[in-house]
């Protein structure tokens, strides 16, 4: 289970993710943004595999890339985007937005440089052979209540989406 | 002097080559920042919703990185719940978008200003 | 030279897949083999579909291009490669170009975890079946992109219908798969597995193919999956979105030449992929029929003759048809070609009798034979059933298959729990 060429894959995948993220927020055409987000999500699934979390990677591919992004693409096709592509893309308070984001970035840098001592540099050798079984034990054991509430949340979301998108209420 | 300079460079390369939890956290922070910029600066509602998905993914990356650091799968279970949550929120958000588009024929959030004084 | 032979032999006697052993060279060799085998299978499927459909419709099918049309797929491939590459004027260039790429990538990446034998998989992921279901659902994205980028009504409606159908039947497929995975946990430790090789090993350990387990629950789950997989791959009788008489070929209307052949390649690969899932989960993967009733060395030896016998049977059919060819000078080349093809098949059959080769090929042969049976069923459905209307299609997916899947899941879980409590208290 020794990782093969980990730094190479990490930098490659993080470059893909960052370029995809920048493409999401800067493209004029929402379809291109959605495609860039799909690329980012798939690269993130690969990073989950590097972190020895194969079940979360599988869930990410099925739910996020194969479900949520299909939903986004359907909605983009339903709303006409030609008019929105001719308008101005960035709103009038983009300066304040960038200042706020820079402040947040500064906060992150401050936390990560001051607090590196709380991330001990040992990596436990987690065997990935029964990751699914471990997650299943947690989900159906300790987090059973949260599991049931998540299913209730999904039911509420389905009813809400159907009501919002109906023609006559 | 040259040896000290050399060791500094070698030490930098070593930090770059040995992937620690900090690397994943920095990547997650960068994605989070990109999502925040997207939410704050774009006018198209669909792209704002996609930026929110970026933010949620950055959070997931942090959770799974810490789960790897501390050994248990609690972080991964939490990440699965976050993904479920994101699906529900995307569905409802896009439903609202469709209802809004049906009324106003535009996907520009600057035009959602009926309550503006 | 000796070192190379030793290296090859040292790998051939290992008991791990190349992915588990971390061996890049053998992983690459396996990838090349799977890719090559898949291409040959798609070409063979093209010819088989046209001939078998034709014979079901009491006509002959392609007969001219090679002996009995055997070179027809090659002629089709050359034609598609040489055709003009048209892109609609207002089409979104980048998305138009990416769509067939995504569909082909999704259809081919699935084969990384397909188990042709206990160590004959490229890798054995812990989440094998989850990976297969997830990556095959990425092809929906490619179809939506193809319909959108063509900038025309028929492809857009075809793509929306196609993707709605695929997403609906994925739910029923998932429930049937969960029922089968439940059955893998009926062992001493009480834990199942999602890995494809683990599922077949569970069937081996429980001495029963999952299609016969808890009769009729395994059979109903298999039936749900068999119907859902035909709908998932947009094949008859669920091919409203791409039938010629309905929407002028649906989402791939505006694609011509090589791009269209990519969609076509992806469709056949997806068919083989979901058939592999069905074979692995319910029909015992690479296990030979009757391992327990007809066990012991003599039966093993008889069954191990099957690959060679199959190829010799095909060679015999070729020779019989060679004798039946018209005795006209213009048919001389075709007669010689067919006889040559028969000789090649016979030689392959004879090689497969050699014990060293036969031992390694057994698993791959039984797996491929079962998948070939599924391919024949696909062609049979196309020749037999009338097409479903779209609302009937969606109704069946949500109102019939989904409740059946839920019912089978609950019943399977209850019976499994009862069995665990009663037999191992």
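Which chain is which? They are A, B and C, in the order written, and residues in each are numbered from 1.
As a working rule, a contact is a pair of C-beta atoms (placed from the backbone, for glycine too) under 8 Å apart; a residue touches a chain by one contact, two chains touch by 3 or more.
Everything numeric in this text was worked out from a predicted model, so none of it was measured.
Chemist: Report the most central chain, judged by the distance from each chain's C-alpha mean to the global C-alpha mean.
Modeler: Nearest to the common C-alpha centre lies chain C.
Chemist: Between A-B and A-C, which chain pair is linked by more C-beta pairs in contact?
Modeler: Answer by contact count: A-B.
Chemist: From the mean C-alpha coordinate of chain B to that of chain C, what's the distance rounded to whole Å?
Modeler: Computed from C-alpha means, the inter-chain centre distance equals 38 Å.
Chemist: Can you check how far apart chain A and chain B are, centre to centre, with Cα atoms defining each centre and the answer in Å?
Modeler: 6
Chemist: Any idea how many Å lie between the Cα centroids of chain A and chain C?
Modeler: The answer is 32 Å.
Chemist: Which parts of chain A, given as residue numbers and ranges, touch two or more other chains?
Modeler: 55, 59, 67, 131
Chemist: Taking the touch rule as given, give the residues of chain A at its contact with chain B in the complex, in rising order.
Modeler: 6-7, 10, 14, 17-18, 21-22, 24-25, 27, 30, 33-34, 37, 40-41, 44, 47-48, 51-53, 55-56, 59-60, 63-64, 67-68, 71-72, 75-76, 78-79, 81, 83-84, 87-94, 96-98, 100-101, 104-105, 108, 112, 116, 119-121, 123-124, 126, 131, 134-135, 138-139, 143, 146, 150, 153-154, 156-158, 160-165
Chemist: If we count contacts the way the header does, which residues on chain C are in touch with chain A in the complex?
Modeler: Within the complex, chain C touches chain A at residues 22, 24, 92, 94-95, 98, 125-127, 130-131, 133-135, 137-138, 140-141, 144-145, 148, 156, 160, 163, 167, 191, 193-194.
Chemist: Report the residues of chain B in contact with chain A in the complex, numbered from low to high.
Modeler: My answer: residues 16-27, 29-38, 40-44, 46-47, 49-51, 53-54, 57, 60-61, 64-65, 67-71, 73-74, 76-77, 79-81, 83-92, 94-99, 101, 105-110.
Chemist: Can you list the residues on chain A that touch chain C in the complex?
Modeler: Residue positions touching the partner: 2, 4, 29, 31-32, 35, 38, 54-55, 57-59, 61-62, 65-67, 69-70, 73-74, 77, 128-133.
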